[in-house]
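Shared chain: chain A. Partners: chain B in the first complex, chain C in the second.
Let's turn to the complex of A and B:
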């Protein structure tokens, strides 16, 4: 089936996000990308999805090895808020540099204000070992 | 306003929050450089960023067309390049036009001269708005910075500021102009004065007078501001300023705010004459109904307080009264220095009430915009030093709880002032919390601060819990000295620091630690003081360990201390020693 982590020997760390299969969305999980495109009578759902894919790849590349979990993208009235969970692998100055760079570049690319809210976690938060 | 949060430009996260002022500056600069990197990429590859699908339209994110549309060697193309601030391209096009024989009109040549003088022949200077014939906005400056990066590199090393090169393009174009009007002369004078060629500016001014052209007020401003570079002695400078002012009167050019500010700026460097003349300048301004700006007040404060051999003056209270009433707008580039200078003056005068009034004035209306990030820190730092000197300890502590880290980060001098204030108020139990703050700020390796804190802790005896807390601090400090942390070499012990730590340990009864520290004395080639020895003996007596006492006496003898004899006799008296130990 889809998006399930297979049970292994017990040495594989799994985050909360990955541990729950998709039928738990809206019960135990939230959404990773929030926009109004999928509501009744709203347009633009496909464009939002394409943007999401690009943004996830962009963040995966800009913060090399620092993402602790998937990026949560929220769209609020023309503004794009990206919530990142980062590991402290880089110095704070470098992380600030990357945050400023990503914000400006994405704003100019998508012509809408982009804000990044960053939180650092000491290590990947493990929910279960499978 | 949340007093425990850092400035809103930083991410609200414990790893990414700045700890002290240097860190704050580093993080804000790195964020800014990230933005610049993104802008550079956007400029380099505009083809990836031109999909305009935003609704509503956000004008600042739209791609900016900076390449000139018109090709061909004609005057409209030249004018367009001038509008886009492309200095080099417009000069080349102008030369091409002249070679082709097409006459270029006077207005276009004048606007070309304006462009060249503003940028000083390829130097792009960031300046605030000046009222010229066409409004040269700051957004254009960034564009030209990237277009003419090669030119300044050809010149080689120079002193600070931009220089007016001999026979540069502006002069060349000026010379080959068939007809020149007043505007051309004025622009040349302003450009020369701005970029440091003051003598040439003065020559050009005499030329202008010979040709009997009309001079405008901005040229006069530039000339007056350039006076300190023309003459060296104060009376001559003032005479020259008066000459210019008389010319202004003759030509019936009305002075504006910038004229008076330029006069005051020159008076700053005129020494004693400045003080007497400054008041008359102010009266003139009032007579002409020109509202003084913050720069005026800043120059006044400087003239009256910062110059050497000053006498007391009460002008600052009058200045503050004026400042408190109004909310200012930015009118002069020097406005930004007002609050910093004013706070410095308050500190020199040691007047806390003035400082409070200044703070209130700053919070009123738009006045807070005049302090940028780097000045903010020094402003509040000086305010805090003043507080520590003049106010009661609870007021100081209240401000200390509230101000960092949202308003400023304490500098080492601030911490020393705080410790001294605590000392003056007999409040030494707060020292361990100050030590915690020092560790947070990253000051725990500074020798002077460590000395200060250790000497304060070990000077008198204190009740029991305080002693325990002090001993914990001492242990932290000892660890700082001992452990080497990745690249940092361990801090070298000084004699007094060792002594204080030993004393603090002995008072609490931690004999092992105290002995460990005393051994360090020999390693670090330092001599312990008598007080240290006595304290250690007391401690040994408390814990009933005669061995330790013996060891101490042996150490004293080996070090050849004069008090060894006294220590020996004391040890014999106070301890019951077995025969072998004797």
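Let's turn to the complex of A and C:
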């Protein structure tokens, strides 16, 4: 009963990510955060998880109401790449500023190069109505 | 390979060969590697397959011979935890983490080729994938082992060993 959206009256829009429960992860879903901490014989899983939680809260806050879906975090040899899907609620100039602000602040906080790849989507992509 | 052959009659190309600043020529002899073994591990088999294709292509372009590509069996780490916060011992949750492996073995490389190939391949490692490299060096047998010891020592009288 974890990470499942309960079936309702049919008026709740649900994205592809949320519609699938966790046992579909390698089959119909992908991973939201990609790092080598969880592989066999690799260390550092807990630190990555803590960083991930902080980053998701941070992005939820800096882009108020603009996130279309969960942030996909990738770690490539010390660099952090965050892939965001944003809704066009804010003006493009403001979005640019927020992206730059987030990048510089996070690089100074985590002492590693941080890159944000942002894509704007006209509306949340609905997969199912539950 | 298609080389662009120019049939121009003019001798405009007879300039001095400019030394490329990226190429260094050193006097020390090259270290030779008998085998370069790359073990790639990841959670997603499709990612590993595409990375293996990329690495094999890069090796072919550089002229490195690939000995074999084998896929060791996947390892699954499973653990069972209690589902609830306080009691209900009979209801548990099971999680598992799957690691898929691919092993690429390359034959007979020189030190500089290995350095170039590894640098290129490591820089393009996809996220969520880890790699371990093992190199087998070929070295000359050191001088003091080249001849068997019993040939070189002078004749010594046998002494009795007292227990």
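Note that the second predicted complex is superposed on the first by the 130 of 130 C-alpha atoms of A that agree within 3 Å, B and C clash if a C-alpha of one lies under 4 Å from a C-alpha of the other, contacts with A are read in each partner's own complex, and residues count from 1 in each chain.
In this section, contacts are C-beta pairs under 8 Å (C-beta built on N, C-alpha and C of every residue); 3 or more make two chains touch, one makes a residue touch a chain.
Computed from a prediction, not measured in an experiment: that's the story for all the values here.
Peer 1: Following the overlay on chain A, give me a clash-or-fit verdict for chain B and chain C.
Peer 2: Fit: chain B and chain C sit side by side once superposed on chain A.
Peer 1: Looking at A:23 after the superposition, I want to know if it touches chain B, chain C, both of them or none. Which is it: first, second, both, neither?
Peer 2: neither
Peer 1: So, does A:89 touch the first partner chain B, the second partner chain C, both, or neither?
Peer 2: neither
Peer 1: Who does A:76 touch here: chain B (first), chain C (second), both, or neither?
Peer 2: second
Peer 1: Touching A:34 in the superposition: chain B (first), chain C (second), both, neither?
Peer 2: second
Peer 1: Who does A:98 touch here: chain B (first), chain C (second), both, or neither?
Peer 2: Once the two structures are laid over each other on A, A:98 reaches chain B alone.
Peer 1: Who wins on chain A residues touched, chain B or chain C?
Peer 2: B
Peer 1: With the two complexes overlaid on chain A, check the angle at chain A between chain B and chain C, Cα centres, nearest 10°.
Peer 2: 90
Peer 1: Given the touch rule stated above, what does A:110 touch, chain B (first), chain C (second), both, or neither?
Peer 2: In the superposed model, A:110 contacts chain B only, not chain C.
Peer 1: A:57 in the overlay: touching chain B, chain C, both, or neither? Say first, second, both or neither.
Peer 2: It touches nothing on chain B or chain C.
Peer 1: Would you give the minimum C-alpha distance from chain B to chain C, in Å, for the three-chain superposition?
Peer 2: Nearest C-alpha atoms of the two chains are 14 Å apart.
Peer 1: Do chain B and chain C touch any of the same residues on chain A, and if so, which?
Peer 2: No residue sits in both footprints.
Peer 1: Tell me, which parts of chain A touch chain C in their complex?
Peer 2: The contact residues of chain A facing chain C are 2, 26, 31, 34-36, 38-42, 74-77, 81.
Peer 1: If we count contacts the way the header does, which residues on chain C are in touch with chain A in the complex?
Peer 2: 41-44, 75, 77, 93, 97-99, 122-123, 125-130
Peer 1: In their complex, what parts of chain B are in touch with chain A?
Peer 2: Against chain A, chain B makes touches at 10-11, 13-16, 18, 23, 26-28, 30-35, 37-39, 41-42, 48-49, 52-54, 56, 58, 61-62.
Peer 1: Where on chain A is chain B touching in the complex?
Peer 2: Listed in rising order, the residues are 78, 88, 92-105, 107-113, 117-120.
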